[in-house]
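The two complexes that follow have chain A in common; it is paired with chain B in the first and with chain C in the second.
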Partner chain A sequence: MSYQIVVCAGIVPDPLQTLEPVSTPQGPALKNEAMLPAVLDPWAAHALYEANHLAKNMPGSKVYLVSLAPKAKLQQVLMTIAQKVSFELIALDGPSTGFTDSHDVAAALAAAIEAIPGLDKSRLLLFGGWESAARAAGATLSMTGERLGIREQFQGVDSLTVGSDGSFEIRERVEGGKHLVSQCSGAPAVLGWATGNLPEPPNSPQVGMQNMRTVMPALQKAKPAGVAVTQQYASVALPKQQRSTRIVRDVAAAEVARELAQWIRGAH
Partner chain B sequence: MDVDIVCAGFGPAAGGFLTTLTRGLPLADGTLPQILCYERADDIGFGVSGVVTKGRGIRASFPDFDPASVPMAAPVRSEKVLYLLDPVGASRRSATLRTADSLLRAAGVPEYEAFELPHIPAFLEKHDGLILSRGQFNHGVGGQVMMSGAAQIWPGMPVAGPLIEGERVVGVQLLDHELQPGMEIRAALTVAADGPVGPVGRQLDEHFGLPEGHEKREWAVGMKMVIDLPESCPLEAGTVLHTFGFPEPEIFGFFYVHPDRVASAGIFVPSWFDNPVRTSYRYLQHYLMHPYLWRYIEGGRLRSWGAKTLNESGRRGEPHLVGDGYARIGEGSGSTNVLTGSGVDEAWTTGVLLGEAVLELLTQSLPFTKENLEAAYVRRRRASWLEEESRTAEKSRDGFHRGVVPGLIGMALAGFSHGRLHIPGAPHEHMPAVADFFSEHLDADKIEAIRVETAAAGKPLHDALMDAWGWPPIPFDGQLLVTQQDALLVGGKVQAAPGYADHVVFKDESLCASCGGQTCIAICSGQALTQGETKPAFDREKCIHCGACMWNCEHGNVEFRAGAGGLHSAEN
Partner chain C sequence: MPTTVRTKTATLKTLPGDDVRQIMWRYADRFDLQMLATSARAVARGPVARLVASGARNTHEWTPEKASLLKEYDASGITAAFMDSAYGGYLEGPKNMALSLTAFELAWVDGGAATASLAGCLALAPIHERGTEAQREEYMKRCSPALNPEPARGAFCLTEPLPYVGVETGLLSGKVKIVEWKEGEEPLLEVNKRGRFITNMGFANFVTAAVESADPRIKGSCMVILEETDPGIYDRGGPTKKMVHQLSSTNDPVFQLKIPASRIIGGYQVKDGVIVPHYDHAEIIEAVFRRTRVGVGLMTAAKLLSAIEPLLRYHRDRFRGGESTTPGTPRYDLGLQQKEDVLHRMLEVWATGEAAASLGFAAARIYDELDPIEKEKHRILTEQGTGRGMSAMRALRKLEPDAVKIVKEGGSSDSPLIQYLLLDSVANVLCPATKLWNTGHGANELREAVSLMGGYGITEDCPGFLVQKWTDAQLEATYEGPEAVQRRQLSATMTNEVFLAQFETWIRDLRAIASRIPATGACALATAMQMWLWTLRHLQHAKDADGNKLYQSARQGVTFPMADALCWLMSARQLILDTMELEAKGRDNPSLSEGFDGLMEFYTDLCSIQSARTAGEVGRICAELVFGYNRHTQWNDESCFHRQELVTLEAIIPGIEAVASDVVEDDGSHPSKAGPCVSFTGYAEFQALRAKMDGCVTGSQLAKDRAAESLIAVMIPAALDYPA
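And now, the complex of A and B:
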């Protein structure tokens, strides 16, 4: 069994910088944001390391890194991340402020993934961060998966074990330091990773050289993603760190959606 | 791994080299050599330099250079040289300077305790020059090089040293990581561009020696802060202030105003400052609080901070510029002009000259032998404005070894005579002991009591000695005047990548145990060195790789190896 593992990863300001929220005529931003160095979203970076690990253990597998970001900033980030793990880059040029509409970003990402030559959805694993350091709502990955027609979705993933029959056992984080263990028949699936269990790989000159064969051409031909910050933000606040997991069986999707909608109305 | 050209370090020199080289590639016959550049810092914009420059080399490379296109860049609009008097009474001033101060005060001249020189010598002025953020400039340059597709620049990849076989340099050895040994990168040409304390340049110096009569004995710590200026500050972008006289007469300072109410302010603490208590950070704070500057920055906010070692030997510290398989560029190649205090544009220009030379050799299919590099690179360098000006500057600072006033006179003589005249002087061989240095103010028992008290409290000895000398305490405001530990966290936390060994090593612990000076601790820019049991304790997470510990140990007991990480500020 081999996979096409597509990792969706945005870039964010280096968290080692002094980050100060400010309001600008274009909307909420960080002070001196244009000058701040960027890094790969740490949540998505874990997903990338897990993807690399899985691909190494599944001969014939391939990792794609899909990123929507300003081209120049993305290039700066890739100078580091491209030394860590092997991947083929698919670059989309656009804002990475986190204030873009997740719906638009998901549409752009899904279109880019659909355009991957030789894409085989029966082998497709869509990886990303469970959450994001990009001030986004954290919904982009799920929406991208839906657009690609992937119904098996997991969030807060800490481990993925592939069975001999190609089935997956997936451990998702729930409250109290526990995990929800799920099984599915295999690809295609969406996995939003928590931290995983792998350390950050050291920089490798060989990996960097290998990646550069595709990174620079991908950056050079990166097309505008057609995503813009069009919303007006009346106010911005940090989300409350609330999570409530309820495990139910045999409930129709429409019922789950109705309950979620009701919860959202009640919460806001 | 085999490549054609490998470059160690990405700063202005490597920027000039790779910009020039990649513009000429591929060659007319379609040849595209494989070129790699490895940088120790985690990003190519994490260098430190307070840059005000005439920018001749940079403008020659970018004739249409528009400062507005680079964040924090501005054309120089006004320039002053200021003599700062001592408003606190703790500065160690010679009788000559005390007399000068008294006369100035009697004449009522010094407004805000400063005297503005009526004229700036032509050799000092940066008229029509540029104020830059080296970090932002490097980012732009590196991005362009990478986008050309003709060279790769890899940050976060420290080079351990050169690979030398016989008398030929055949590449570089990357630094070992606990998860993988450092790889050998073998190349037809190795370019040493890793600055004054970089491992490649220093190991080349060690192996090949320096040309007869040359020596690297003059150093300085340059430490700076980037400051958000208060609304009340009337200074315009492009304002440049050069200062001398305070906090100590030997410490020169600078203040540059960037666009958008941002300033860079800093000091240079030179090796000829014969004070074993040479804590740059505290001196920098006293400098900022001088009335002349404080009126502009009071109410401002620290935005980032950084420091580096400068090689102030200039042309006298020039190593063998080329050899079989290697070439030297940048500050480590002795390019800094010690008279004008200018280094970035000079470093850039050395890179440009090597870039042109390499293109010439590649075009002619000539190997990178010492002879060919001499003919192509060294010849260009000798014929450039760089060489002419560095010869003027070569002996200009010798007078400082006799004192500040002879030093200033020597600079003026050298500058006005184009190097024909200077005041001679030789570096002191030994730093005075703490007890000797402070004997006028403190008796030996008092010093010992301070030593015991600070050791017990885990506090820095140098701070306590400055207090005892009469320097007022710093009124921390949590905004602009913050502790040194806090400064490490502002504008990009200092960070060390995991998996690498400590890069500051004390060779003989018994020497440290018997050392009374502890100058390495006092000078340490990031407070990464603190008092330990037998030797100083080293915290890799706080080291910014300035290398000052190395040249401040008069026993030569500090081994400053290749390491990873450092500053994370891209604004310096």
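And now, the complex of A and C:
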């Protein structure tokens, strides 16, 4: 059994950056977004690591990374990502902000996937984040799947186990720290990943150099995705929560949980 | 159109990121280097930072947790960055930029972590630079993580216990002699060597050591490879109780080992029953250090730049949370950034860091360029039968006038030998300049950075580990040749006419930049360079008040300050050149275009600040040297007028009495000052240059005020990306 695993991933500003919505002639945007360091959308990054893991265990499988993002910024992000996992890049040039319409983004992604030479939908697994750090609507991936005619869709996935008969056991997150366990006869399927179970793979410049042979031509070929911020926003604002970032060292999870609980209690 | 007047001020929007650095340090098209840098960064801001934060620096011993970093280096491609692809490496071509970027990224968090990585390369460097093919093959492969799950680790052992090798490396107490030499077989040697302050010694499996012959059957000195499995004593010694760089291992080892003569680095030949090593220890050390010292200088540069973000955050947030300090008030929004001195001192730290990084990476690039040319030079000279060492040097020296002529005529040459002379003469200045200025002046500016963090700065909890970075800089200034060694080297290399010819063209280039973008301060810098050159020429011929020669190697009071002054010039110049590169290439980068004007304004202002500071330093040094060796003129000197004399002269030169100020009256009284004004050959010329230079710093304080606006406006992340 081998799969064509297509991972859809956008890029977002590094989560440590201070973000501020602003209005521009092209519509709403984040202040200085182009100049801020960017990372692969964290949810989608987990999907990529899971795809890599699955492909390694299923000989003959191949991972594609489809990304709609500003080309130059994407190139910087790939300097890290391409060192972690092996994939073939399909790049679309366009804004990766959360202000574009996910309907348009899904259309562009689906078209790019349809155009993959040798695409075999019977072996296709469409991976991505169950939501994105840019938009958090959780709509893009399912619409992309619909356009590709894939009806088996799972969201908030934490694990995928392939049975000996090729069937899938999939665990999706539900409320209260519980999982919904589903069986699925096999590909094609859409899996919107939560965090999965895999750590971030270490960097390996050797892997990176191999990937760059295909990554650079793909970036050069990247066509404008034809996606823009078209809709009107009455207003945009940061969520009203107070953000207080603290980096802690070597603190046990239970200790972090206790502190958080105490903080929440204190806030009421 | 000349941009002489800047009407609108744009400010820096975000901290300069990789897009900016890659353009300035010229590796925007080197994906291999970009990946290595990001990989090293992940190790630095992950495992290294966690170790520092957890207090791993508080022991002298080499602990398992410190040792775990070596594995991280292996896994992330840092160790293999030194290897050629034949030995499991993945980078093609020269590796100077690669090692420099690695050192830079690791030192951004911890200097000792960078040292631990560089020291492995240092141990291999003698073998890499001058080893035989078989030696290279064996040791590169054994140290390659791609080829071994447990790669071998090395140490480089030159320094010896007192009273032996330190700054002076000529006379070694480490000895080598022949213990057995059977007919037709490889001689067996015995090596006796003690080391002091040897990095990596807590775990090294082999050592490259400098020794001298204690046997009439071995000529001169050499470097040898010692193995922990060799018969005899391989005593690592105790850990050095160093106060800095504790994530590296340092010991005082003792070796008494029997080794085959095939361990002489670079091999040997037997002449009349005497082993003649192909390379003496001095030649190998020279080849090694000239490259590795650049990385050390870049470590301090990284630390200076790493201090910016934590300082900005500390200053801005200083008063937040106070009862009366509400959002929207200057006290809340700006914090300590309301205070001009804080902003101005920050800019000095920042400009120093930028100039240091620009200088260091320029030096690294030049070695990458030089490496293949040097090999070609070696090939040609061997073909010509000129060989190595002194005879090769003499052959090259003969070509120096040609090289100078080519530079003066503004031409270029296809001859590898001429190209070598041109590049080598610059590398021979930029390398010691990087090591000397970045670490020495860098340490001073790191102290400034610590001060700017107040009491927090001096604690272990200080975000960005500033106090560690400051004190670590003292070691960076010391190992691999302390400041005196660099000054001594510069004293010789900066008078090379091939270098000086290029130096003169650089002055013209800076004037061209100044006429296009005066705000860079390139004009002040060009004049400072002119003054330095004038002073050097003056000192090379002038004598002191007692008639002794001024510019000579024993006169370090003359040569060393001139070396210091040159470092200021080279670093400020490189910052301007890198800023010009940013101007040329940055605007087209879509990631930068949005904030490009502010970025350029800020860097231009940093250039101006650094140029003005440099002009000040150079002016002070040159004035002290030009004037300081003349004895103060006395009232009874010939140069001084007597009233009676003036009265007579007035008849011949009307008006002279009115303008002469240094006059001794008939009663012997004179104006209330130490002596008549000074005068010597060249005085007027020097004074004119000084006056011109003072004028050239026009606008530099305005640049500071403008750049300060950027410090206030620039967006910074919510938290540092490594723990504190």
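Assume the second predicted complex is superposed on the first by the 233 of 268 C-alpha atoms of A that agree within 3 Å, B and C clash if a C-alpha of one lies under 4 Å from a C-alpha of the other, contacts with A are read in each partner's own complex, and residues count from 1 in each chain.
One rule holds for everything that comes next: contacts are C-beta pairs under 8 Å (C-beta built on N, C-alpha and C of every residue); 3 or more make two chains touch, one makes a residue touch a chain.
Because the structure is a prediction, the values reported are computed rather than measured.
Three-chain overlay on chain A, with chain B and chain C in a clash.
With both structures placed on the common chain, the touch criterion links A:Pro70 to chain C but leaves chain B unconnected. In the superposed pair of complexes, A:Met79 makes contact with chain B and with chain C alike.
Contact with neither chain B nor chain C is seen for A:Ser164 once the two complexes are overlaid on the shared chain.
In the superposition on chain A, A:Asn57 contacts neither chain B nor chain C. Within the superposed three-chain model, A:Thr245 lies in touch with chain C and out of touch with chain B [touch as defined at top].
For chain A, the partner that touches more of its residues is C, with chain B and chain C as the two candidates.
Contacts of A:Leu219 after superposition: chain B is touched, whereas chain C is not reached. Superposing on chain A, the segment of chain B with clashing C-alpha atoms against chain C, chosen from 4-12, 94-102 or 436-444, turns out to be 4-12.
Overlap of the chain B and chain C interfaces on chain A comprises residues 14, 16-18, 32, 34-37, 72, 76, 79-80, 83, 202-206, 208-209, 212, 216. By the touch rule above, chain C contacts chain A in their complex via residues 13-14, 17-19, 31-32, 34-36, 38-39, 42, 50, 53-54, 75-77, 80-81, 90-91, 146, 589-595, 715-724. The residues of chain B lying in touch with chain A in their complex are 1, 36, 38, 42-46, 71-72, 136, 139, 142-143, 146-147, 149, 152-157, 174, 177, 179-180, 183, 185, 303-304, 490-493, 495, 499, 568-571. Across the interface of their complex, chain B is touched by residues 14, 16-18, 32, 34-37, 72, 75-76, 79-80, 83, 201-206, 208-209, 212, 216-217, 219-220 of chain A. Within the complex formed with chain C, the chain A residues making contact are 14, 16-18, 20, 31-32, 34-37, 70-73, 76, 79-80, 82-83, 202-206, 208-209, 212, 216, 243, 245-250.
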